[in-house]
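Following this line, the structures themselves.
Note that chain A is present in both complexes that follow, paired respectively with chain B and with chain C.
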Partner chain A sequence: MRTKATAIGAALAALAVLCAMFATSASAAPAWKFEGKSLEGTETVLGGAIESSMTIPGLTTKCENFLYKLTVENSAGTGKGSVTEVPLYNCTTNSKACIVEKIGAEKLPWASKLTTVSTTPYIIIEGVKVAILYEGEECVLGETLVTVTGSAGGSIDNSKETATFNSSTLSASGTELKALGQKIEWNGLFPTEAFQWHREQALSVS
Partner chain B sequence: MAQRTGAKRFLAPPAKSASAGVALALALAALCLAGCGGGSSDGETTAAGAGAADSAGAAGQAPGATAQAQGAKGGSGESPGEAGHSGGASGSDPSQGAGGGAGQKQGPRIAAPKGPREQAPTSDQIAQATVADMSLESPAIVAAAGRPGTLAAPYTCDGKDSWPAFKWGGIPAGTAELIFYAMNVQPVEEQLFVDWAVAGIDPDSKGIEAGELPKGAIVGTNGFGNRGYSLCPSGAGEIYMFAIYALPQPLSPPKGFDARELRHRILDVSGNVGLLPAVYARG
Partner chain C sequence: MQKHRTRVVCSALLVVALAALGLAGSAQAKLVGNYTRFAQCPYTNLEVKKCLISTTTSGEVVLGSKKVPIEKPVVLQGGTLKGVEGYAKFVAATNGITLSKAPQNVPGGLLGIVPDASSPALVKALIKFFLENSLTGVNSTLELAKPASEIVVSENNLAGEIGTALKMPVKVHLENPFLGKNCFVGSSTSPITWNLTTGETSPPAPNTKIKGSVGLAEFLEEGRILELKGAKLVDNAWSAPKAAGCGGILSFLVDPIINAQLGTTTAGHNTAILNNDIFVGSAAAVRLNNEENP
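Then we have the complex of A and B:
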């Protein structure tokens, strides 16, 4: 009898430990915060890339204005979001021969979520799809439609309110963007500032 | 409060259209700016938002950003368009006023685009384009860690100057002819430089063996003026693009065809292509 009671006690203790672990895990999931308080409801984060470029080997494509609109919310304590618009302006390549005839984000909205990689908060953008039509008679990609697809993870710097995307952050977050059947480089530095209900409030992720 | 990185770099973008989202966004911007009593003194303007400015909806020529700028500057300047009016009207609703009366508060600023918003290719343009949706691989060119694959010296004039094996996939049904190209990514003297062009490849084939021409192959004249293959950079290295074009109609060029000229014809027939970039660095 005593043995049975001990076993039940041990099982309960184990269950308690599991519950505690689960609770800790849940609370550790990164969430959107304004002035240190978790976001309730939704907020719109928008801005324009401070810098951004995408490189298919030998051909770098840049947009003078790479804007975005991201709707964010916390769901069960975890930050999620949705990239709803990605207006691009004045896109060019580093080759005189190659013109960006058309470029646009497709399959919007792109889902996003927050996660933590080695204590650093990350935002993961999923379902990315950008279609680019290059022109130029002497361009190696002239009259060719190239589609960039995949997901991208960017590290969030709470002190600067920015998200950084590069080959390191994509690798660290286990994400990749592909074109021409292989990984491509994408470098971007984006400010993360609220536009709607929390304007001018410090946005952080933790 | 955290540092507003990049905030002063941003101006408001022009809106091409208006929607409920635009109205809400502009309302907020207008309310905030009214509360501010003016815009920034450095010529920058608080943004209604990238997305707001570009939301789908009724086309409007007057940019939302202009409307905001007017708000910031006391309403002077051009008459705001539909988007601007929407914003202004909604802006009177205090329930919208996240930033209303918020003293010097300003939201994110977006660099003012100087040109029209880029657009995704239309279905007509896609139909006329050469679509890069086929696969092209080579065991000699393996990309790693997000970097393009490198090409070893034996495949250049520093070695045997002979091609590696390639295999391709995803050839569309109805393809009449395959044509293989090797090109420099960067033009030479402002012209596309073709290193190798092979037409007449059987559309049912799956690849090319290293150093062996496929049956029925028609070899063109490359940028060096030779009928054959040669990857020979003039400097320390080169980035090459290998391409397998799948054509819906045969071009069947003559032996020794002009590779540059044929490529124009290839692009005109709007087929599909598999592309494989590779980097060769000497030394």
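Then we have the complex of A and C:
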């Protein structure tokens, strides 16, 4: 009789631990917050990369103006969103031979979601597709369309209200961008700022 | 008068000497550094936009039931014209060797493709002679079945791992003294057409999808040259005609034996897997390199 009570007690304890684990997991799913309060409805976040570059070994492409428009919302307590616009201007390469004739984001919107990687909030952007047409008589990629595809994870710094994308954040979030059939390096530092209902309010993710 | 004539002759000689020097300078112009590999690219043709050299270092060609591993490097080189809707026509290498002839050993040798047991008496006797004289090795050499201009390259597809990256009409030359000099699978009128991809194939059954890859890309010379290391080009949806011209005057006897040995060579029964190191260069950059190094 005592054994049965012990067994039931152990099962309940196990259940309690499981519940606690799920509760922790649920609370760990980050959400968009303004002035510390969870976002209700949707908001538009606009920004431009403070710096951004994409490197295939031997050739780096930079864009002076790498803007983005992100619509965000919380769904079941988890931050989600979609990148709806990514205008790219004044893009150059580190090569005297190659110029960027055309560059453009394709297959928009790109879905995004928030997650946590080792206690750091991350934004994951999925379905990224950017087509780059290089030109230049001496450029080997002249008339060749290079397409960057994949997903990218960037760490969010709440104190600076920025998202940072680099090889470490892509690796930590299990994401990768590919061009010419291989993983490429992408560095980007993006400010996060609401532009619609929560303008000038502190944006955080937790 | 004499003095004037001498002056004219001297001037003419000087012009000739200068012209000769100029010609010598032009002849001595050479490619240096990373550009040397494009020596056979027809870059002096201003219509040529890209130079290409692709060395197949390994892989295999499966023709029906026969698999021939690629053990000796095969080189495809030349230039490409401006692309039309993403596809550029090839221009032959300046030395005429657009596709190098590298004989590959056919496993099983002569008996592998002309088995003693199933051959008519005359063929059997001949084979016996070749076996006794150790002439049993058979080589398979890939050759272009049509002019180089029939080769088509899509750099976008090559880079994007989708669609046909390299379309090439080829024929397979089977070589052995018994087979004679004209034993081919494929011809200029009925070539084997490879639609090689770095992406995924969609072959008819019984073959199944296989994947190629663009390999490791690296830009050299500040974006003037692209190296694709370990690029895997594949096609397993091609068909091959019957072998013909094998055994010289006995081809009417030998061809059927070889074709029986090859088995079905319709689409879905053949495979080409080519592992390559590919270099693509801007022809303008190659020209400039040549001019800068007299």
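Keep this in mind: the second predicted complex is superposed on the first by the 186 of 206 C-alpha atoms of A that agree within 3 Å, B and C clash if a C-alpha of one lies under 4 Å from a C-alpha of the other, contacts with A are read in each partner's own complex, and residues count from 1 in each chain.
Keep this in mind: a residue touches a chain if its C-beta (ideal position, glycine included) is under 8 Å from a C-beta of that chain, and two chains touch if they have at least 3 such contacts.
Model, not experiment: these values are computed from the prediction.
When both complexes are superposed on chain A, chain B and chain C end up clashing with one another. Residue contacts after overlaying the shared chain place A:N65 against chain B, while chain C stays out of touching range. When the two structures are aligned on the shared chain, A:E176 is found in touch with chain B, with no touch to chain C. By the touch criterion stated above, A:T162 is placed in contact with chain B alone, chain C being left untouched.
When the shared chain is aligned, chain B and chain C each come close enough to touch A:I56. In the superposition on chain A, contact is made by A:T93 with chain C only, not with chain B.
By the touch criterion stated above, A:A111 is placed in contact with neither chain B nor chain C. Set side by side, chain B and chain C differ in how many residues of chain A they touch, and the one touching more is B. Once the two structures sit on top of each other via chain A, chain C runs into chain B at 255-263, and not at any other stretch of 39-47, 57-65, 111-119 or 255-263. Looking at chain A, you'll find residues 56-59, 95-97, 137-147, 180-182 touch chain B in one structure and chain C in the other.
Interface of chain B with chain A (complex): residues 1-7, 9-10, 13, 25, 28, 32, 47-55, 98-99, 102, 105-108, 110-111, 113-122, 125-126, 128-133, 135-137, 143, 145-149, 183-187, 190-192, 239, 241, 264, 267, 273-279. Of all residues in chain A, only 56-59, 93-98, 134, 136-147, 180-182 touch chain C in the complex they form.
Remark: chain C residues 49-50, 82-83, 155-156, 159-161, 198, 213-226, 228, 280-282, 284-285, 288 touch chain A in the complex. In the complex of the two chains, the chain A residues touching chain B come out as 35, 44, 46-48, 50, 56-59, 63-65, 67-69, 84-85, 87-91, 95-97, 100-106, 131, 133, 137-147, 158-162, 167, 170-171, 176, 179-185, 189, 191, 193-204.
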